[in-house]
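Across the two complexes that follow, chain A remains constant while its partner is chain B and subsequently chain C.
Here is the complex of A and B:
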């Protein structure tokens, strides 16, 4: 900023005789301006990634049908351009009369982490960082104190004297992450799923600080995925490839579940520990579990009212 | 309530005078900001260089992503938010000059109160830059603008912070800008145009740091921050770090100008710090007692911070440095000798400043994330890029502060005026003391005595007086006489 102010002072020299000071100031201002331009030059490379249309795009909830159609088309083009993958991005809306719930049996889960891997592939996560929305905690039997838990275990499972607890977004009914977002880039949908508009998030990561369950992830860099590994069946609010610098989270695979399919993690689970369903349907399996099993939720004392429950079979 | 308007003054307040006067004012500011002694050029060039290094680092961060920082999904806020938090305290700390100057009409403080207000401006600009540096998508900044984006008010505390920080910036810009411009015109400031804003800014200063504390203390999932004592602690430490920085500023100004500027203010600020530094330590100790005596998972972050957890001890050296510096500064401030010995005072201020920078920065933000909400311990130490950006923002803030102080010094010493204009008109009304001197100020010096160095505030104050009529003897006629006087006491501070 400062060096540009030196510019106007240079012409005044013509009226009164050029002093040494004026010349030096002019030279300093020119050097300063050049240094400023050089320092800021890496910003130019980001211009290619961010189109003007994306810059002026409004919030998801304010897009008209035509605007949304254009946005989806643009995102598909960008996926082709950036990743060489032909993808279909749709906009799955919540179904009437549905509120999703998830229950995980701690008696059955044996820590094989197939769910972690399925999530990684289904949701087009960055390959190098092995990102996933699910973490599986290995805990010693006899305690629920998470201080004793490890997520980085690397041995045959189930290990003796251990039990396993997968943690992902609990889709709280009272979500602290939604409360803290300064721009309403994240909200709770009618079917209970907490979603993020990746094109509206400013990347402040306040939600990451607010979440008591470590459920949110930030895109510290642009995700890298080989074209042939990209899952082409995508949705705006779920598994489309996320931009750099925004927050993302588990969305109960809404591009599948809102079509009546099971979430990828449940489909991949070889032990049958996962039960997904409609909490509003009295005949659903999840309702049976909630009514008949020993059920608990994580950090109930925080009042977040999770929609993901843990239960014991035996 | 309105002071009687003299016909000559009325002539000078016509709209045409502003059309000429204000551009001239801005032009002089530009000149003042880019012209000065060799030392000034050296200082500003060094700061520009550091700021440009920071800008370059930030440009890389925006381009390649925040992977260039050492933050992770476990420790998702780092050095930027640590400095942001500290900076808000620095901005709020300036109010410890405003309260004595305006609420208690302390003359020594009134003469230099603009130092605190300018500090608030520079510190808030730094805070806003630290927030921008922390954003993953700074290009979407407009989503945060009320009316243009989607402003999640009043639920999100961050929207409150956006409002109070920008509001505080505008308040102080108005107060300083108005007073400087009026003095530039050679006019007496109209109380109606700044005193109400000053009183609003007092409350506002408390609000900026309270809201910033609420950002953290409102998070139920982070036990280390989830304490009702956080906001009071923030305020107490802000009222140490802010005044400490202002004392350092005044000591430097005295050295540069060779004058005894701000003696009364320094004496009072020392008295204030003597209280706040102890209040801060008391609350700090109270928090630690609760953590460690209760124990259990709730104390895990505090254990990590002070002693390390599971062999991870990344913050232990930081925090013990902070504790040592804070306790040392409290001890030095309590020594009677501090009022006589400038070096001791400077040392105490530096100790307090650095100690609180750690306590409220790295010592508060980072342990909130360690252990994580799933009780994993992933450590954090800032990357070189983060240090570059942080240093760059501090350098930019210091540039603003330096230039602002330089301009204020020129204006208040009468060396920067709209020549031949209203300044001359003002001298024509010589003798009409009632027109110029605000009635709410005492005619004689108040009977404040703050130790041995507080006695001679009046003389040096001529350089710095915020609104000259605060000293009743400085009537309108003296405005003309000020220039030779101020050069006698070593005028043209910060410049050749």
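Here is the complex of A and C:
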């Protein structure tokens, strides 16, 4: 029953009828209330009109068509409200008979990073952090160990005795990131693309830690993009503007590629180093690469079975 | 989806095998997918015929600018060369006094007339003496650069824009001279303009340092 704080322990030390105990209790209650208010503030600042719908939204794969249509409509409204941008968010499904493959010629890539920029713009990344799904590694000749790569080089390319390796999600057939997700917010689709339901992700970042290629990104803050720079052609599983606190990754521009178009990074490449196509089509360009070039995959020994291949050629 | 690069004729082989494969796959596909899709969310329909692959037009035949009373005027090569005897041993622009000074030539030990038609400078010449249009230069390049020509024919050399899936839309491919200067064909050095921010270097004020 005694105050155990330091100083002379005089339980009846009074000052105008207020005991030390009362003062401490009052101070504690005030601090407690302030701490609670601070902790609860994200809840208080959530969007009033959408928060409930967002809260009860189920997993992408369990949405009925009607629910999905409502979700897409709500997300379009949010983009207009938050960013002042009129966007179209669709739900692109995998094409039958298609499994995507990508190959990059490291002989032709010169590290100019136009792909990084194209990804940044296409996929509505936060402008200030210059986020992108692609990193171009500058590597010393003589090694394919990506951990020796540097991304912040800033000089004319290609530099002598260096070569350049763009790394993005390799869309593994045995993806460790999918295995570790505790809520199944990420999965592999039947055309080979590993996708994330940004509204189901809890932001634990296990997948980011599990990926041996550092291909996943975490949204530390709410992306900030001027309205006139927002790419309005969006898809639920790809380039719609992501909320804060969720993980995202390269999705082979599925909003483009599932419409038959080339991914943005490929169209932007000025050296023609990138080859994209359908692995199930024996006449495709990507199959020509696999059959005629000496391709390799990153960290093959891990057994991840990537769908993105690298090769050297003339 | 093979391409006839030689002569710029473009044809696409129908992909019957792909159609069969897709039927087989869709019938044995056990993964979850909804029977109906919201109409506004349907991607553009895939056509049963293939859209064409075209090669972006090469730049028009070169012109030399000649000073006139009304300023510089473009003049076809043949205007001057018709009246002059070609120097069949010339291998660089060095020593030229009237035209083509400063032309950087870094393409092996060829002479000018290895590629230019001495009988009519508005055309090009193949190794066997055949005369071709400037726009058919892919044939000329392919004489020596066989590996690249094979890859180009297979569609894996030189960038393109448009569709990987020719049942959804067309594709436009680059021409040799869109990326390579015929007189100095090595791909030029570039300065990367979009640089990533390294969070750790950036926050400690050491941005850009290695």
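In this section, the second predicted complex is superposed on the first by the 262 of 314 C-alpha atoms of A that agree within 3 Å, B and C clash if a C-alpha of one lies under 4 Å from a C-alpha of the other, contacts with A are read in each partner's own complex, and residues count from 1 in each chain.
Going forward, a residue touches a chain if its C-beta (ideal position, glycine included) is under 8 Å from a C-beta of that chain, and two chains touch if they have at least 3 such contacts.
This structure is a prediction, so every number in the text was calculated from the model and none was measured.
Of the two partner chains, chain C is the only one that A:120 touches; chain B does not reach it. In the superposed pair of complexes, A:111 makes contact with chain C only, with no contact to chain B. By the touch criterion stated above, A:185 is placed in contact with chain B alone, chain C being left untouched.
Residue contacts after overlaying the shared chain place A:216 against chain B, while chain C stays out of touching range. In the overlay built on the shared chain, the residue A:135 is in contact with chain B and with chain C.
In the superposed pair of complexes, A:149 makes contact with chain B only, with no contact to chain C.
The intersection of chain A residues touching chain B with those touching chain C, taken from the two complexes, comprises 135, 151. Listing the residues of chain A that touch chain B in their complex gives 2-3, 5-6, 8-9, 25, 28-29, 32, 35-36, 38-43, 45-46, 50, 55, 59, 135, 137, 145-147, 149, 151, 167, 176, 179-185, 200-206, 208-214, 216-222, 243-247, 299, 302-304. Taken together, the chain A residues at the contact with chain C in this complex read 61, 64-65, 68-69, 72, 90-93, 95-98, 108, 110-114, 116-117, 120, 129-130, 132, 135-136, 150-158, 190, 257-262, 266-267, 269-272, 274-278, 280-285, 288-289, 292, 313-314. Those residues of chain C lying in contact with chain A across their complex are 1-2, 13, 15, 17-19, 21-26, 29, 31-34, 36-38, 40-41, 43-44, 46, 147-148, 151, 154-169, 174, 179, 187, 189-199, 201, 207-208, 210. Remark: chain B residues 30-31, 33-35, 41, 44-45, 48, 52-53, 55-56, 59-60, 62-67, 69, 71-74, 76-77, 131, 134-141, 143-144, 149-152, 155-159, 162, 215-216, 219-222, 297, 300, 368-369, 371-376, 399 touch chain A in the complex.
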